[in-house]
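Just so it is clear, A, B, C and D label the chains in written order, and each chain counts residues from 1 on its own.
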Amino acid sequence: MGGVDYPQVLATGLTYGVIFALIALGYHLIYVSSGMLNFALGEQLAVAGLVVLSLTSAGVPFVLAVLLAVLAGAAFGAGYERLALRPASRMGLIGPLIASVGVSIVIGQGRVLIWGPNPRPMDPFTGDPNQSVAFLGGRWQIQSFWVIGLAVLAATALLLFLRFTWYGRAWRATAQSPVGARLSGIDPSVVSMSAVATASALVTIGGIAIAPIVLAGAFYALDFGVRAFAAAIIGGFTSTTGVLVGGIVVGLLDVWLASALSAEWSDVVLYTGLALALLLRPRGLFGREGVSRA
Amino acid sequence: MSVEPVLAGRGLVRRFGGVTAVSDVDIDIRPGEVTLVLGPNGAGKSTLVNCLTGVDRPDSGRVLVAGEDVTGRRPDQFNRMGVVRTFQHTRPFGGLTVAENVMVGAHGRTKAGFVRGTLRTPGARREEAALRDQAEELLAQVGLPGRGGARPTDLPLADERRVEIARCLAAKPRVLLLDEPAAGLGEAEADALADLVRRLCAEYDLGVLLIEHHLELALGMADSVVVLDFGKVIARGTPEEIREDPAVRAAYVGTEEEA
Amino acid sequence: MWRRLTAVLATAAVSLSLAACGGGGEGGDGSGETGPIRIGAILGISGRFAFVGEPQKQALELAQERINAAGGISGRQVEFVVYDDEVDETKSVPLANRLISEDKVVAIIGPSITVPALAIQPIVERAQVPNLTLTSKAIWEGKPDSYVFHTTPREEVEVKSVLDFVKDQLKVTKVGVIYDRQPYGTGNLAYLKQFAPEYGLQIVAEEGIENNDTNADAQVQRVRGAGAEAVVVWVGDPAASSVAKAIHQAGWTVPVIASSAIAGPRFAELAGPAAEGAYSNSTYDTAAPPPAQKEFLEAFQARYNSPPTQFAGFAYDSAYALKAAIEAAAGKTDGASIRQGLIDMPPLDGVVATYDFSAENHNGIPNGPLFYIVQIKNGAFQVVFDTRK
Amino acid sequence: MTRFLPKTAPWVAPVLVGVLVLLFAATQDSFYRLQLGTLSGIYAIAAIGLTLLFGAAGQISLGQAGLLGIAAFSTAYLTVDHGMGPVPAGIVAVAASTLVGLVLGWCALRITGHYLALVTLAFGLVFTELTRTVLPEGWYGVPPLAIGSLDLGDPQVFFVVVWAAVVLVLVGSSLLVRSRFGRSIAALRDDPVAASACGVDLARTKVAVFGIASALAGVSGWLFALYQGSVTETSFSFTLSFNLLIMVVIGGLGSPGGAVVGAVFLVLAPELGRRYEEYRLLSYGVILLLVLALLPGGLASIGRLVARPLRRRRDTPVEEPA
């Protein structure tokens, strides 16, 4: 069935991989700071491009529109953490998980009602649409460089924040012991809200960057969301670098499978792999023990 | 009166990374006797209980029930062998009533599976009725008559401990391991609990292992004492011997006054 | 204990009474001799196939306005009751029942896509409600007394027009096919493979794609690897435009022929410069349309300021076919009369073709060539070849 | 987990539902509402299974639709391709989905909480992708229910048969929840360590409750195939898994009666605002959030709105996923 064009797999796989990594980073942030799992990030990514399109068509300059969209995304994240996830945590840890499913349904259906069911094209940040350049033996879209650049930028900024600021370090500790965190002056509920807000900002950036390649508002929220779960699991929910590496791995694997097997079977293999990874090694490659077997 | 121990630990070792929580501990629990394990916080008391009840697996050494080696068995298998325990932080079943909590305690020795339970076969109905009666009776015995319908999470801590003890008794056990039952209780409540344990120990010829660092109360209840420090047995004997033992005094300097 | 009993009682009663009173709304009996004639429609308006259902809904709205403005059907106003089944037959089956037993419609137009269309067939047959199905796959099984009629061309017609164009105009022999993994794609793939040898063509690659996929790099790369000299794309948007983009990005210059599913403005809008030069089939001769088609194209453009896709045309023709049928049945609107009316009615010069039903042939459109080949030239489809001549 | 199990006598809810059903069937001329009533009954059976699994036993599953799908596809395969009767095909179909459920139960032994949610989600997605790839056209022409020569396909009769099954399952599950097994799965949910110390074999109990829930999902899938007549993967996507979860949550976790109420509500609620057809899914999401925030006990707890507030707000440290 034709040899696999590895340079092209690298080009496309990396572009999608960094997006999965961004979402996985969002899952990681929320998990380490509040122990919650959030299903809504995929839909937030899918709607990001549409928000920018609406703003620009209303005359807002592009860069300002992106900033506004990211801020709006963060505010929306903080909002639904407070209104939906937090009250549901009375039901134990599974409550917020189901609440995030509810939020993803509301976002998804809201998107269809406001912007209609059809996806919309979006111009790349620079260069004309579908223009591709040869690089490392593969054909790269100009926009791919924007996607990878922005994602790496956002991820490193966050890594620096988590590692080298006092508040950042506190975030990682809050999930382990909210009581301990509270004793050292950190309010876990504020941390949890800011974690969801930051994760929302991350996926909004990712959504805006990837929209020119995959159309704004198309039906890929679940596909991206579940692939990002696979990335987070391969990386081990608890390790920041692990989830980033996991994202790239899943991106490359996904595209490689599509060209080596066929697009139809790549989904089946990917989801089966996700289930097996969970069963055999829930801690993932890099994660610390945090999984109960009881 | 060296009667065959109903539950024994031989050369038990348990390490967590570099820390040896339990190192080479021998311990015997004899029917009708209260064996006390004393030791400051972090001495490995809870780890020892976990190893003796299957909640944790010792790295080496053996656990014997009535002489039979049962090292590494699951907690529910220990339960079916008559070894039951309470927990340092009470672990009630919040979704069930107090009576139902006690009835779950008897799960190990009852049989009605989900088919017979659903079809309400005569056998299942008889067993259910017997369980209900036993629950009411045990609750009365532990001093909570008629509280079967309440929610465990609505009870004060002392009563919640009593429900947990009733839950253990529902299994008609041979050995009862109590993990710091008096923790967080007032003086009067602790004494009342001590009397209850002694009474149950005599009435059911129960072997009791008591984990406590509430010195005066525990020594009063115990028939024999083992003192742990950093996972090792530093003294063994009757309560009176232990009171004067210099090694114990050293490990416990300054804890006398602790309420 | 009693408090809980009242709780369960209250909520269960409320829920079940929902059902009893819920749909009481529209009273009136559509099939009575007076009052508006109600015609039902089940279309895939939202979800994956919105690009098919949405224009069809618009076409029916346009038809309702124009029919009523011209005096309605046999003196009675017409009302189209349109439901969205999101192309999920779990929804189309109850919707069909709702149209029949609740809204008392006299006929049903749609569904647009194969799976729901097959699913509601037993329902319309049992309820004896004429069904003008809009799916291209042959649903009618040939029984003369069936209540199912087609106002869409048979799939082979379009497949043959594509193969003919590839052989005679593009003059290549090795063809790669990228097809929708749903029945719309697999059905036509089968016809392509069946008729290709007749045209001396060889199918060298078959790659499935999901209608909603927005990345087709893998499929394009494998078709190119198989040595295809032309790429036939049998899937709707956004997948079709993704294929065009992938070909463009791979720097591969190869003729692309897409099915009539994308013969509309959206393909160029989504694919951008990558769409340039792509061919497709269209039922409209935009250059010199026959009178009925010209009037519809202008009316649709005026009403919705965007050119209609072929799907809109089929829906519009179905509306007028039913009008002609009822008039042929002297205004009677029971199922059997309308069915007979469809058979007896004079040939209807519709937007897409001249429709002529008979007991033995429920396919309104004759089996001959029908399509125009169109090509994207600076952003819009233009007719470049007429398969009829 | 929610702290309340409704304590109505086991026969109350089922008898009540039975009466309402017969009333509904007799008065219904509209075939459409009969069909919706049947569909809500079919989903109710799967919802009862899920509320036992998730509400009572605390084992979350986001892939329950896959189990329905397995049974529906097996039924279609056996009846259409092999001419098997609807009932024997049903027995094989339910066995198939139960078997898969037991495998999922085995998975639940190795991982819990969030990870279990993800494995079950992955299972559901694998089912949809696999069937979409292997069987894009699905199956048509599944015969209606018939026992031997007795045709039960007539909508009114089928409606009553489905709801008779619902009442049967409701009685069974209400009794089950109150039996020794019911207490052991509640103990498993509330505190696995303590449950094990009380003699509950966690492994066997988890696998058993997964088996029961999958069997009920299988019955639901079988009846769905007979009801719909055609089977394709679109009917068993993750949307159905989420909808089942919503039915169970808004009905009241762990309460079989609540699951039935949740199923009826979710299938029939859109009838309220027929004009707002497109707001249907949006409203499900909003309702779920409202119930999670305001009514942890779900609809069935409306009577308990004045419930005693949880006196001791347990400041649960983030132990590993529940």
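Keep in mind that, in the parts below, a contact is a pair of C-beta atoms (placed from the backbone, for glycine too) under 8 Å apart; a residue touches a chain by one contact, two chains touch by 3 or more.
All of these numbers come straight from a predicted model, not from anything done at the bench.
Colleague: Could you work out how many touching-chain steps separate chain A from chain C at minimum?
Modeller: The fewest steps needed to get from chain A to chain C is 1.
Colleague: Starting from the Cα centroid of chain B, hunt down the chain whose centroid lies farthest away.
Modeller: It is C.
Colleague: Measuring from the mean of all protein Cα atoms shown, which chain centre lies nearest?
Modeller: Smallest offset from the overall C-alpha mean is found for D.
Colleague: Distance between chain A and chain B based on Cα centroids, please, to the nearest Å.
Modeller: Centre separation, chain A to chain B: 48 Å.
Colleague: With centres defined as the mean C-alpha position, give me the chain A-chain D separation in Å.
Modeller: Chain centroid spacing, chain A to chain D, equals 31 Å.
Colleague: Taking the mean of the C-alpha atoms as each chain's centre, how many Å separate chain B from chain D?
Modeller: Between these chains, centre-to-centre, one finds 40 Å.
Colleague: Round to the nearest whole Å and give the separation of the Cα centres of chain B and chain C.
Modeller: Centre-to-centre distance between chain B and chain C: 73 Å.
Colleague: At least two partner chains per residue is the criterion; list those residues in chain D.
Modeller: Residues 1-2, 132-133, 193, 196, 202, 278 of chain D each touch two or more of the other chains.
Colleague: Going by the contact rule already set, what residues in chain C reach two or more other chains?
Modeller: 46, 181, 208
Colleague: Among line, ring, star, complete and other, which one matches the pattern of chain touches?
Modeller: other
Colleague: Per the touch rule above, enumerate the chain pairs that touch, sorted by label.
Modeller: A-C, A-D, B-D, C-D
Colleague: Along chain C, where are the residues that touch chain A in the complex?
Modeller: My answer: residues 45-48, 50-51, 54, 181, 207-210, 212-215, 217-219, 221-222, 224-226, 238, 245, 248-251, 266, 269-274.
Colleague: Quick one: which bits of chain C touch chain D in the complex? Just the residue numbers, please.
Modeller: 1, 3-13, 15-16, 18-20, 22-23, 25, 46, 83-84, 87-90, 93-94, 97-98, 100-102, 115, 118-119, 122, 181-183, 186, 208
Colleague: Spell out the part of chain A that touches chain D in their complex, as residue ranges.
Modeller: 31, 34-35, 37, 83-84, 87-88, 90-95, 97-99, 101-106, 108-110, 112-113, 175-179, 222, 226, 229, 233, 264-265, 267-268, 271-272, 274-275, 278-279, 282, 290-294
Colleague: Could you list, by residue number, the parts of chain B that touch chain D in their complex?
Modeller: Spelled out, the residues of chain B in touch with chain D are 53, 55, 74-76, 78-80, 84-85, 87, 91-96, 100, 103-110, 112-114, 117-120, 124, 127-128, 131, 151, 153-154, 167, 171.
Colleague: Over in the complex, which chain A residues touch chain C? Could you list them?
Modeller: It comes out as residues 1-3, 5, 8, 12, 16, 112, 116-119, 121, 128-130, 132, 139, 141, 213-215, 218-220, 255, 258-259, 262-264, 266.
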